[in-house]
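Common to both upcoming complexes is chain A, partnered first by chain B, then by chain C.
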Partner chain A sequence: MTDGFAPSGARLAAINCTSCGSPLPALAGHRSKTLICSYCGAVMDRHDGYRLLARYRDMDRPDGPFRIGMNGEVMGVEQTIVGIVGVDAVIEGYRYDWTNYQLYSPTHGYSWLTWADGHITHSRKTRDMPESSGSFAYKAPIAAAGRAFQMFEQYAARITYLEGELTWVPSLGDQTQVIETIDPPHGYSIVMGDNETEFEFGTYLDRAETLAAFGIEDSFPRAYTVHAIQPFLPGSLHMALSKVGSIFAIVALVIGLAFLAIGNGQKITETVIVDTDAGGSVMFPLNRPSRLAEVRLTANVVNSWSWYDMELVHEDSDETVAEFDGGLEYYEGYDSDGRWTEGSQTATFRFKPPAAGAYRLTITTGDPQSARLPVKVEVRENVMLSRYLFGLAIFFTLCWLSLWLRSRAFEAKRWGDDGEDDD
Partner chain B sequence: MTRIVFVVFALATGGATWAGIYGIGGEDAQIAKSIRSGSGGRIGYIGGVK
Partner chain C sequence: MGFDGMNCPNCGAELPETLTHAKMVACRYCESTVVLEDDALRTAGEKGVMAEEPSLFVLGREIRYRRESWMPVGQARFSYGTGWWDEFWAIDGGGDGVWVSVDEGEIAVERPYGIDVSLSPERLVRGRSVVLNGETFTVTEFGTATCMALRGEFPEELHVGQAYQYWHLSGSMGRLVTLEYSDGEFAASEGAWVDPYLIRSENANA
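Take a look at the complex of A and B:
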């Protein structure tokens, strides 16, 4: 039998189980107190000649990617998996389970990797006690280890599986009370056993990096939950969209408002046609054929409508450029909700003149049923549109806010405030 | 990534500003159709909208 925790035991070694004789690796250092056989569940006292302390047969190894003897770098330190502890807890009526892997480093001692729902965290004991006292209410602030944590949850953790080398003498079914506090990507836990209270400092690890460090291919189901200490890490594209969107939302809004203020263009002419049955016309020059011109009709229609036929003639050639029709309708009244209105007493027609020059617009009543009212005709040119910029401002604002909304949804999922029913 | 998004957003804002100034897509469809129905852009062709 060769024991790895002998003074020269920095090398890999193995012993045979004193109960079933199976070969077992001895990888941990001197402070490892027990060795649990992977085959027969025998719990042996390493400091007492591997004396049999207990035996737990037929334990089902919990899910997880790591195995005893695996080596990998965790947070910059070469570590070896030396033990496995399965744990479960019932929190608010739901059973949760996770797997703790005892890590050993000859230079840094013992710590834990935890696999929970596809998330990987690292934790180690710390001498830092809570700096604040008082009740541990949900979300209450708790200062410790120089950080401001928030109370996350409290539960009783129960051991459901044991294997390998561990630094204490565990029993299957042992329970400890745990208070978990969080400050993502870190966590601080107060672990209260029967005889002692320990404090642990945890860190959320990148799953892909950690598995790769141990040479494990990541074929495990992806994590669908948000871990208590998982940081919110949006992608670089989303970060860029939000950051740049916040700038351009304001730029687009300002330009859009400027267009709204000055985009009415210049009034070219305004006249009133009293008798549209007889027809009337208005003459005006349009000198910017690349820009929008606008004909605005206004009539005092109330609970009625009027319809007009219009003809736009280029005066220089005396030929018709366009024929079009359009009308106004406006209704108003009172009901149980108060006053209501519908329609408008103004209609706008926009067009780009095909060429510079003088134009004549002829307007006549377009429908025998149409109301006969004097109609004001106003012509403007150099009209600008703000709709595109307002549309862009909305899009940029959504880009900007989407990161905040995503962060809120992430936090709601972390704290279980997202309204999802786990049933 | 930020620079790429900045350039794309700047181009979009510039495009929207240009379209707003020149009124791209702001024409009344009926009038535009009537004007377009002219041949070779020649002034004087009678549109047949109605």
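Take a look at the complex of A and C:
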């Protein structure tokens, strides 16, 4: 058994377990202190002739895509997986577990790749201590490593599995107190052991890219939860829809407001028909063919209704251009909430005149009650409707806001404010 | 002293012009280390064998870290029993020298540090507090290192095979002080740790 540390390139890459004799890879550098046998759970001291320190039999390797000896690029650095540590924690009554993979790079040292519920993160030791020593209350701001983090959660992490080469002497069941703060896609953790406190800087990694970097096919269940440091990354189609929506919403609103200001058209005639029972008529000229015109009827109906039939005839051709029928109804009263009204004393009918010229509008009603009410007839031409543009403005605003709404829902899920349990 | 073409006293090879800024240089041609002393050169022993290892730091290749830059000009390798580390002497953007220690991704940059108290090696035990220049530090690591190999230039005389006692002291806000004890004398340097993931170099993914 040999695993020398001389920097001569002569270091052998395998040893045999001093407990069970199984061949084990020696992949890490000289700062790794222990080697835990994959077969018998023996914990050996690398700095003391692989002396047996402890043995943990029947450990079940936790779920995860990585295995010891795999190589891949993480954070732009070629890394090798040299150890595995299973961890669990009980947070607010729920048990969570995840798997930490010890990474080793000869140039960048030791760091962690973590597989948690289908998410992958990278974390490394940092010497940057928190710049603010204020409270660690939920969502409290914490400045560290040049970033503004927010307090996320704290818990006791317990070791449930050990394998491979590690930089300290671990024991199964060891616990550390962890304070997690977040600034997606980064996290900053304060890890407090029995003898020392360490600080870790984390980064959320793209799962597909990371697995591909290690040559692993992604056949693992997709992540349904939102990870604490997972960034909100909407699809490009949604981004484009939101951007287009923001532009079109403003355009539709501006045009709609312009129509509202100038779209009332020009009044052509206004008259009052006293007795529609006999069939009153109104003559008027229309000079803007193909532009919208409207007939507006107003009658003083109160707690009643009236009904009118109308026929619009183009005088020059003697052709009926349009026939309308419609009613006015208006009710009012008082109840426990105060005064109320319902309906309208005005009705509007729109049409598009086929040609310029004189038009005759005939109004009749067979209802005796309606016939007794004078009705004011107002005709306008060159009318522009703003309501469709306001409708479009609302639609595009919703497209625009959908990104923000999705982001809000994403954040609610991250912080557990969505009323759903992630477990 | 201006440079006027100095040669290795052992093999006669021309020494680099940068020797005018250093006190010691390892001859590129023979196995000698050469010390500049009172305008005269003398050999100071063998330079040892420097096995090539992957490193972010390579002699003559500039390193950038945040808003700083360092040009490594000398590399000394020290063994501490269970491993080794490289100590680079580098020139920063302002022309000052810094020590950069590199041990499997643990990187610290330190500058010479004058200390105002007399120390004794026996009192420097792990966990003990030490006040240096009014600042309190805690001894976090102690060991003995032996120089294994030398390459390039250094501001002080180093010898292959020489043993040094060293202590790492940690202060507030990531402050770091290293004490070295050899031949009855203490030398100190102070600085901070460096995040290797923020280093920019042609060798960043070596």
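FYI, the second predicted complex is superposed on the first by the 400 of 423 C-alpha atoms of A that agree within 3 Å, B and C clash if a C-alpha of one lies under 4 Å from a C-alpha of the other, contacts with A are read in each partner's own complex, and residues count from 1 in each chain.
Rule of thumb we're sticking to: a residue touches a chain if its C-beta (ideal position, glycine included) is under 8 Å from a C-beta of that chain, and two chains touch if they have at least 3 such contacts.
None of these values were measured; they are calculated from a predicted model.
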Check: Given the touch rule stated above, what does A:30 touch, chain B (first), chain C (second), both, or neither?
Finding: second
Notebook entry, point to check: With the two structures laid over each other on chain A, which partner does A:106 touch: chain B (first), chain C (second), both, or neither?
Noted result: second
Check: Does chain A have more residues touched by chain B or by chain C?
Finding: B
Margin query: I'd like to know which partner A:385 touches here: chain B for first, chain C for second, both or neither.
Written below: first
Notebook entry, point to check: Given the touch rule stated above, what does A:129 touch, chain B (first), chain C (second), both, or neither?
Noted result: second
Check: Taking the superposition as given, does A:47 touch the first partner, chain B, the second, chain C, both, or neither?
Finding: second
Checklist line | Partner chain(s) touched by A:76 [first = chain B, second = chain C, both, neither] | finding: second
Note to self: Taking the superposition on A as described, I'd like to know which of chain B and chain C A:350 touches: first, second, both or neither.
What the structure shows: first
Note to self: Going by the contact definition given at the top, which residues of chain A touch chain B in one complex and chain C in the other?
What the structure shows: none
Next item on the list: Show which residues of chain C lie in contact with chain A when the two form their complex.
Entry: 49, 51-56, 77, 82-84, 103-106, 148, 172-174, 192-193, 195-197, 203-206
Checklist line | Interface residues, chain A side, partner chain B - complex | finding: 236-237, 239-241, 243-245, 247-248, 251-252, 255-256, 259, 263, 290-292, 309, 312, 314, 316-326, 349-352, 354-355, 383-389, 391-392, 396
Notebook entry, point to check: What part of chain B is in contact with chain A in the complex they form?
Noted result: 1-2, 4-6, 9-10, 12-13, 15-17, 19-28, 30-32, 34-35, 38, 41, 43-50
Next item on the list: Spell out the part of chain A that touches chain C in their complex, as residue ranges.
Entry: 5-9, 29-31, 46-47, 73, 75-78, 105-110, 124, 126-129, 201
